[in-house]
Every structure is written in structure tokens, then in C-alpha cells.
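By written order: A, B, C and D. Residues from 1 in each chain.
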Amino acid sequence: MGLTIGVDIGGTKIAAGVVDEEGHILETHTVPTPPTADAIVDAICAAVEGAGKGHEIEAVGIGAAGYVDDKRATVLFAPNIHWRHEPLKDKVEQRVGLPVVVENDANAAAWGEYKFGAGQGHEDVICITLGTGLGGGIIIGNKLRRGRFGVAAEFGHIRVVPDGLLCGCGSQGCWEQYASGRALVRYARQRANATPENAEILLALGDGTIEGIEGKHISAAARQGDPVAVDSFRELARWAGAGLADLASLFDPSAFIVGGGVSDEGELVLDPIRKSFRRWLIGGQWRPHAQVLAAQLGNKAGLVGAADLARQG
Amino acid sequence: MGLTIGVDIGGTKIAAGVVDEEGHILETHTVPTPPTADAIVDAICAAVEGAGKGHEIEAVGIGAAGYVDDKRATVLFAPNIHWRHEPLKDKVEQRVGLPVVVENDANAAAWGEYKFGAGQGHEDVICITLGTGLGGGIIIGNKLRRGRFGVAAEFGHIRVVPDGLLCGCGSQGCWEQYASGRALVRYARQRANATPENAEILLALGDGTIEGIEGKHISAAARQGDPVAVDSFRELARWAGAGLADLASLFDPSAFIVGGGVSDEGELVLDPIRKSFRRWLIGGQWRPHAQVLAAQLGNKAGLVGAADLARQG
Amino acid sequence: MGLTIGVDIGGTKIAAGVVDEEGHILETHTVPTPPTADAIVDAICAAVEGAGKGHEIEAVGIGAAGYVDDKRATVLFAPNIHWRHEPLKDKVEQRVGLPVVVENDANAAAWGEYKFGAGQGHEDVICITLGTGLGGGIIIGNKLRRGRFGVAAEFGHIRVVPDGLLCGCGSQGCWEQYASGRALVRYARQRANATPENAEILLALGDGTIEGIEGKHISAAARQGDPVAVDSFRELARWAGAGLADLASLFDPSAFIVGGGVSDEGELVLDPIRKSFRRWLIGGQWRPHAQVLAAQLGNKAGLVGAADLARQG
Amino acid sequence: MGLTIGVDIGGTKIAAGVVDEEGHILETHTVPTPPTADAIVDAICAAVEGAGKGHEIEAVGIGAAGYVDDKRATVLFAPNIHWRHEPLKDKVEQRVGLPVVVENDANAAAWGEYKFGAGQGHEDVICITLGTGLGGGIIIGNKLRRGRFGVAAEFGHIRVVPDGLLCGCGSQGCWEQYASGRALVRYARQRANATPENAEILLALGDGTIEGIEGKHISAAARQGDPVAVDSFRELARWAGAGLADLASLFDPSAFIVGGGVSDEGELVLDPIRKSFRRWLIGGQWRPHAQVLAAQLGNKAGLVGAADLARQG
């Protein structure tokens, strides 16, 4: 096969990219994300048509946040867009006249990393995406594993603290409440509130208030050695690494790939994650250890992965 | 292929059984479990030879508690027997002159249930075994998934309570400390100690003391409505079901199979497990629910599963 | 001394009551609660003047939610009103021309129950108030214990779940997130969402939706045997009783008094609290057990207690 | 009054000391601790007689581990000695012919520190003793508070982790499982096992094995910067400080005194405890903070405190 298009649906813009068989993005077309569910379908089609112009495209892969059914056709539930049992595949196919595959966005990103990024050469890979929340994807035996009904790999919602923090999903103690960009901000704000004298760099980078602390400030402050910022990353890593140890007990992959905005900080976050992973890995002296690798494709992973999954039909 | 032998290594006896392609056990030979690691290898060989006499056997499958490597040849670590990097496949092949496959015992049991028991007709099945501890096995796409290094599906050791109970594995808060036969006894003893007037039936079934309460008493007392016994099963089910909900988030199988001694109680334990599973399942209204099924093969699952895995080479 | 006035500051109205030495309320004057901090001071004065008309009043006691300093003069911090280091005693004394004592409202209620309610005859009593949140008061040796700085007995904010639910105080895992009227509603909504077929009575009492479930519906439904409502009370009691066991380890009182709106349900909630208390009490067979009593004064406890504390100067 | 004798019952020896009104120990007499309960009573009497020879003694105070009744006469339950409802006061009075007061040993130590040690000048003090376990004592309004039945201040057994570690008391998640000398050793062993390369100093101080790590090694290693040892103290301090924050919410004292063997390390452990305390203190910006002070009397606190409590009759 030749070229396919991958679509990434973001909160502010929808990007469609023409991708070749080696995962290179030849061209990208971007449109703003409209406010309503129906308009988003239109915008996806417009982005695909815009990107595909002048290329011979064989298929389209769309990465969508939420539950996608096992036929990779229907979005059962989307947390941010009002899609409920939305027949996205059918709607887009009718409009753009190309075969369409719908995939969970974290699954698509996992596939992208496995195929063209940090996971190359591995057959069994678990990817986690530390963005605002925590998502992931499972590759076993060189195949993306979606579960019987399409909704596997919802890593962010395993319960790591009984009776723990409320989660947007309605449950409590979900992993993404403890290991995600949102958790990082909470850690920093709590610590800066308790000991502002240890957060001087951090507070100076924002507007000086606790509420003004954002993720980017924490990263910058941590690089400058701000104690609260460093400790906040360590807390995030404590939970991320302990969760990876659980995933090792379950999946025993040869590699974990850590992506998402939080992982952009590289070793600042990966090194403590590895330490925590090793601290909590069960039977560590009797088994080969999975590698914990940084993602390589950044925020292109989902688009490239979706395009490649579409290629495979 | 024709007949194969499956081996089950128990604490008091080692059983070898001749199994046909449909999972029927044609003959079983049993020997006592000796006390030393080397002697156990000898006993396995003796059991295999005893069972195979007069049959044309094509291969042998051995289910062993512990970590088994990805070549299904070496026991990396066994919790109860002093096997450390034990080349069990080679040793037994040399003695019995047949191809040997070594498999984790919970994996073998999972395969047995998938192929010949409660899992028939399902392609994606997660089995958990509630015995003294908690083990399990993963079938995805009709294949047993062992992980890259052979040690996947160690369900009993995912952390469900941070800073929780000490586990024999050296970690804390492992699932099997909260959902297993041993946990059930702890629940009953704690409750009987606090409120003996609610444990009259239970205490009368044993020797009248708290320490004398054993698993069998709890089952019998629960059937007679003893409040402490019923509540102990409910507590076990609370943790078992919540863990299954986590596994649904991760694996999204079409069925869970619950086996092991605890599950012999049938609906007494399965019904509250199903309720707890449903209580904690994430996004339950937007997705098809996995079934929670009782295992069908009882304590034969491991032997039959090991034999069948050997057949497949 | 003769008559004193107690003031109760509620969310919708401020009540001032003339109270005699035996805790009887002779007359009450009520004004609406205004929206601003300064206006509330005015309203308190107006209520006091209204109630006192025609009586010879010797002192005024005001119960206020929040931190009150050790001089019982200044509200250091109020959670619902914008009072920060508010010199409430001075302001009200200047206006009404009577000696004023300011007291934390849960302390005042505890004193009321100790002196005129369920605590009569006890020298060492711990009161907890299960209202929207969870407050309390400590009586040791027949004296209200306020701590060195006036802010003792903040029971609602001891940490019962590490990394637990966010609390309005900025911390996590506070007891009042698990044992309070607000917690009860959360329990019921979560359970009704997961298993609506077990919440038919409960849902029918409200508007049929999960979000429409309120505390009063849960009480009514529990009395009719609705499984979700009963289980929600049991969950609340589990946490309340376990916390009382902790307080017994710390204070070893002869009685606990449970007040607040949740306790209006009487044995429906007290009986499971007692069971849970007994379940978690340390060394229960070697020590006398504290009684767990229902409060007797209802929502008058704070007013009566504040008046009596003012009498004592 | 003049001189009194205080008795400290240790695991290997029983010490009786003659103490003056200013808390000075004039003379000490020590006998080995015998193995049986009755023989220990004899040994206590012998120690008292030995110490008192040549002094005019007015009373005897005995500090005993366990529950002591409200009359300070009977040991209701002792964890290490087989005393159950043991009338220790009567037995010793008959033998030594002096008034005897029996007190919980941690209460006695708290009183010693309050009266002659770090607590001088404070009216409201909470002492915690971080020894093998965790004990404590409560002083409010310049009086030792023993609870209605004599068994208050059992700090070590408040539940800080639901479903947490098993405790010798039969419960789970008790504070002393997370903040005590025994917990410190567990932390160090777990960490050294997971990352031995970070415990080289620590392991070299012992016999090189994980099991050989003892408390004294951890202290020495932490002073030399061993990462595992430092981190183990930090973990201990995390739990100790969070617990103090809970006690501040409850008691609001002007000072906490931290004693026991673990506190012998001084700022190595106190500094992180203070940080953790401040981190978890509720409403820290709106209230005066209690001081966190190191105990001053070392292992003499109990003896001196018991002697002084006897003086007060």
C-alpha cells in the first residue's frame, strides 16, 4: 500500500496528515476544533480532504479519545465530545469516499511508537501516555490488542488507591489521578501551599500565586532545582513507576514506552520513574527487566499510528 | 497428535495424567511429593513413567508454581520448592525420553478452562485462581499469553493497597493478600475475634477458638447463614470484584473465569464477586460487560491444561 | 447567674436564644443570614437584641464555624464566611453592651450535649457531629478542651485515607470525606449509578436521576429497605465507627455522642456505627468500652451550649 | 514531699531510681528481668528495696507497658509480660510497704519530659515515643490525661492505612507499623533489597545481608549519606509528621515532644518530621503552629516521670 491519512482530534485543532509506509508525514492539514459533535465530524472530513488533495490516499485512520467499538467503527463514548454510539466510520467514509478506521487515540499513539518510534524491534510493548490524563496501548506479539469489545488498555482507570481521589470517570483512586499532568500540578500546588519558601523559583515563574502554577512552570522550575518542583516530579514518578511494576506483573513486556507531555521532560521524569519501577517490581532478581523508554514521536505518535493502522485495514 | 501427559505438582502429591485431545483424563498416576528439590524432579519422572505405561505418549506438560522462562524450559524461581534457574525441561526429557514443556501452573489451569471448561467459545479470557494465593492466566486471540520473558499473568501481586499488608513476595498490598483463601481465613478470624456472638456457628464448626477457624469451616458456616462467615465472603468478593474491574480496564476480555478452592463454593462467592465487579467496572453503561463464570474443571484444570499445551508443542 | 443568650449562625438564618441555667430556651429571635461578612456581624447583633428584649441578660455566647482563638474573641478563619482574624467578640460587645464569648460551633454543640443532653453524668465525653461535614468537641474532666491555641477537636480533618479524597481544607483523605452527610450522598449516588436496580425506591423518592438523590431521600429509602440506601448508611457507619475506635485509642472517654443531621436517623445509623466501632476498637477484650450515644438536643445543641459557655465566663 | 522511686521495666533489666523533687536521679538499682510474670513482680520489689536502702522514700511509681486501669493499680493487659488484670499496686505495696502508683510507661515518660525535660513551660504537650513501637502521652492543662478508664494515648494504634499492615494488636494499618524503629528497619531492608547499589554503606555496616540490617546500621549509614538509609528515615518521617498533623487537629498542643530510640538521631530524624508535619498540618496559615521538640531525658524519662507521678499521689 501507499499513502494513508491519520487524523488527530485535539481540543483546539484537528490535524490530518498524509503518512507513508515508513511513518513519515508528507503533509499536514489543520482545522480548528468546532464546539459541537456534528461539526467535529464535518471538520474531520474537511481536514482529511485538505490533506489528501493531490495525493493518492488509500485509507484514513482516526484517533479519538474514548471508547471505540471492536469493529473500529463506532465511538461508544467520548469523554470530551458529546459522542455516544457515534457511527464515525460510516459518516466519514460517506463523505470522503475512502476506507476509514477509527481507533482510540492512545492506542493509535502506542502503535505509532511501536512501529516507528521507541518500540522498534520489540514484539511486546506497553505504552503509557502521561498527558493531562493517563492513557495507553498494548502490543503483544506484534499486534495491537484492543480487547474483545475494543476498550482494553484503559490504564488510567485502574484503581491504585481504594477510596482515593474522585475521577472524572465516576470512580475513585484511578491511576491517572496520581500519575498525569493534572496530578503533577496538584502535587506542586499542595507543596507550594504548605512550604512556599521551597517554591520560590516555581512561584516566580508563574504569577506568584498557588493557583497560577501550571505544568510548564513546574518543568522549568525543576530544571533549576526548585525543591517543590523536583519533589512534585518525584511524587509523580513514584506512582508512575509503581503502576508500571503492576503492568509488568500482568503483561511482562520487553519494553515500556512513556509518552505524553509529561515525558517531554525526558530524564527529569524518566529517571525517577525507572527507580520507582525497579523499587516495586515483583521478583526483580529472578526475571529479566523490561526497559523503560522515552517516546520518540512526541505528539505526532497518534496521527502516524492511526495512519498506519488504517493501512493495515 | 494423540495422547499427552500433564503433571500437577502439589504440596503433598504429584499427579501425572494421560490426557486425550478432548481433554479427557484416561489414567492418573500419583506419587507423594518428596521434601527436596532434586527428589521432586525424580518424583515427577516417576509419575510420568507410571502414568504413561501402556500408552503411546507424544509429549509431557508440567505445571509448576513460580516463574517459568519464555522457552518454557527453566523454572527461574519457585516459591515453595528450592528451584532457582532449574532446567526442568532438560532434566525430565533426558529421563523420560519425551518432549517436555514446562508451564506456570496457573497458566496451565487457565488454558485448561479456556479449552475444555468454562472458557469454551471465548477468544479472550482472563482466568483467576483463588486458592491459598491468587494466580491467573491470560488468553488473548485464542493464545496463552506468557509475556516476553514468560512471567506474565502474576495477578496476585498487583498492588491494590499502597502500604498495605506484607506479602510473601516481599512487597506490600498485593491483591492476593486481600482476595484468596488465606485472606478469607484472616477476615473470618478478625471478625470472630471482634464479635464472637456473630460467629457462633462458625466457631462451633471448628474447635471453638479463633485460631482454629479454617477455610472449610467458613464455607460451611456461610451456607448456614453465620453472619461472620457471610461477611468474610463478602469482603473477599469486594476485593476480588474490584480487581476484576481493573483487569477489565486493562484486558477487556469477553469472560472472566474464577477457579481455585474458594470458587468451589459456587454462587456463594461468585454472586458477590459479580456485584462487586459491576460496582467498580469503569464506564459500565457504555461498554459490553464481560461475563464472570465459575471454573468447571476443578483441580484438574492444571493437569489437563499442561497436557494440552504440551500437545501444541 | 441568670439568663444568657446563645447564637447559632446558619447558612440561611441566624438564631439567638435566651437560655436559662438549666439549658431551657425561653425565647428565640431569628434573622436571615446576609451575604457579606460585615452584614453578618450586624445581623448577629440584631438577633441578640431582638431575643434579649424584656429579659435581663448577663452574657452572650456565639457559636461560629471555623477556627476561634484561645481567647474566644477572634475568628481566625471561617470556611463559609469571609472572616479572617475577625475580632467578633469586640465588635459584638461594643454593639450589644454585654460580655461576649465566641466559640467554635461544634465545640458549643458538644458542650450543650455534655451539659444538658446525652452526656449528662459523664466526665469525659467526645462528641462528633455528622452534618454536611464532620465536627466535634472534647470534654475531659468536665471541661471543654479547646487546645492551646483554640483550634482543637477538628475531628473532620484527621487523615483516614492516605492519598484519599480531596477535602475543602486543601488536604486529602480527611475523615469528613468519608463520614458525613455529604459522603452519604456520594455513596448513594455511586451505588445507584452502578446498580440502579437496587435503588428503585431511592430513585423514586427523588426525581429519578442519580444527581437528584439527596440525603433525605436516602434516609427515607433506607427505612423502606432500599438496598442501595441501606448499604450507603452501612458504608458511612464503617468509616464513622473506625474513626471512633481511633478516638478511643487517643482519648478513652466514657461516652461518644453522635449528633448532626445524619444522626437524626437514630438506630438506623447508630447501630451500624456501634458495630463498626466495636469491630475496630483496639484491645476490646481488655478494657471497658465507651458508650456510643445518640445526641438529644438536635440542632439546638449549639445555641444552648454557646449560651452556657457564656454563663461560665 | 521528698524522695520517691521510679521503676522502669525493660526487656533485659528492671531499673529502680531514687528521684528528688527536681527530677534528679540520686541512685539507681538494677536487676535482671526474669522470664515469668510472678518473678517480675518479685524483681520489681527487689529493685525498689535495693534502690531505697539508706533513703527516706515516700512513694513508688512503676511504669509498665500495656493498659493500666484508671485507679493506677492494675495492669489490665501487658503485651510482653503475661499480666492480665494483674493487681501490681497491691502486690508491691504489700512487699515494700510504701504507696505505689502504676502508670503506663509511655505516659510516665511523657510526664517526665513535660515536667523536667523538653516540655518545661508548656501546659499542653503531646509526647510520642518512637521506640520499637510507638507510644505516647497527653498533657492538657498541666495534667496527665489518662482517659476515663486509664487507657488513653495509645497513639501507636490509630489506623493510618485502611487495610494496611498487620499489627501485633490484631488490627491493621496501625501508626506504629509505619512510624517506629521496627518500621525503619523494614523500610531499609525493602529498599536495600530493591536497589542494593544504593545501600553499599548500609550493607557494609552490617553483615552484608539484607536480613542483617539493624537500626543502628541505618543511623550510622544515614550520617554517612547512604541513599537507602537517608530515604528510610525520610519515609519514617513522612508518616510520623503526618500523624503529628492529625494529633494537632485533635489536641492543638503548644508542643510535640519526640522521644524514643529513633529520636536519638536528633535532627537527622526531627528535621524531616517537622517538614512532614508542616506539609500535612491543616489550616497551617491560619493558626499558631505547635513546636516539634526533641526529648531531653533519653531513656530516663520513664523512670523520672513514674517517680514524679508517685510523688503527686
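As a convention for this text, contacts are C-beta pairs under 8 Å (C-beta built on N, C-alpha and C of every residue); 3 or more make two chains touch, one makes a residue touch a chain.
Which chain is which protein? Per UniProt: A, B, C, D = Glucokinase.
Since the model is a prediction, treat every value here as computed from it, not as a measurement.
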Joint neighbours of chain D and chain A, given as chain labels: B, C
Interface residue overlap between copies chain B and chain C, same or different (over half shared): same
Far-end chain from chain D, centres as C-alpha averages: A
Magnitude of the superposing rotation for chain A and chain C (Cα, nearest 5°): 180
Interface with more contacting C-beta pairs, comparing B-D to A-B: A-B
Chain B-chain D separation of Cα centroids, rounded to whole Å: 45
Length of the line joining the C-alpha centres of chain B and chain C, rounded to whole Å: 50
Whole-Å gap between the CA centroids of chain A and chain B: 34
Touching two or more other chains - residues of chain C: 161-163, 170, 280
Residues of chain C that touch chain B when the two form their complex: 162-163, 191, 194-195, 275, 278-281, 284
Chain C residues touching chain D - in the complex, by the definition given at the top: 67, 76-77, 84, 122-124, 138, 140-141, 143, 145-155, 157-162, 169-171, 174, 242, 245-247, 249-254, 280, 282-283, 286-288, 290
Chain C contact footprint on chain A (complex, rising order): 161-166, 170, 172, 178, 190, 193
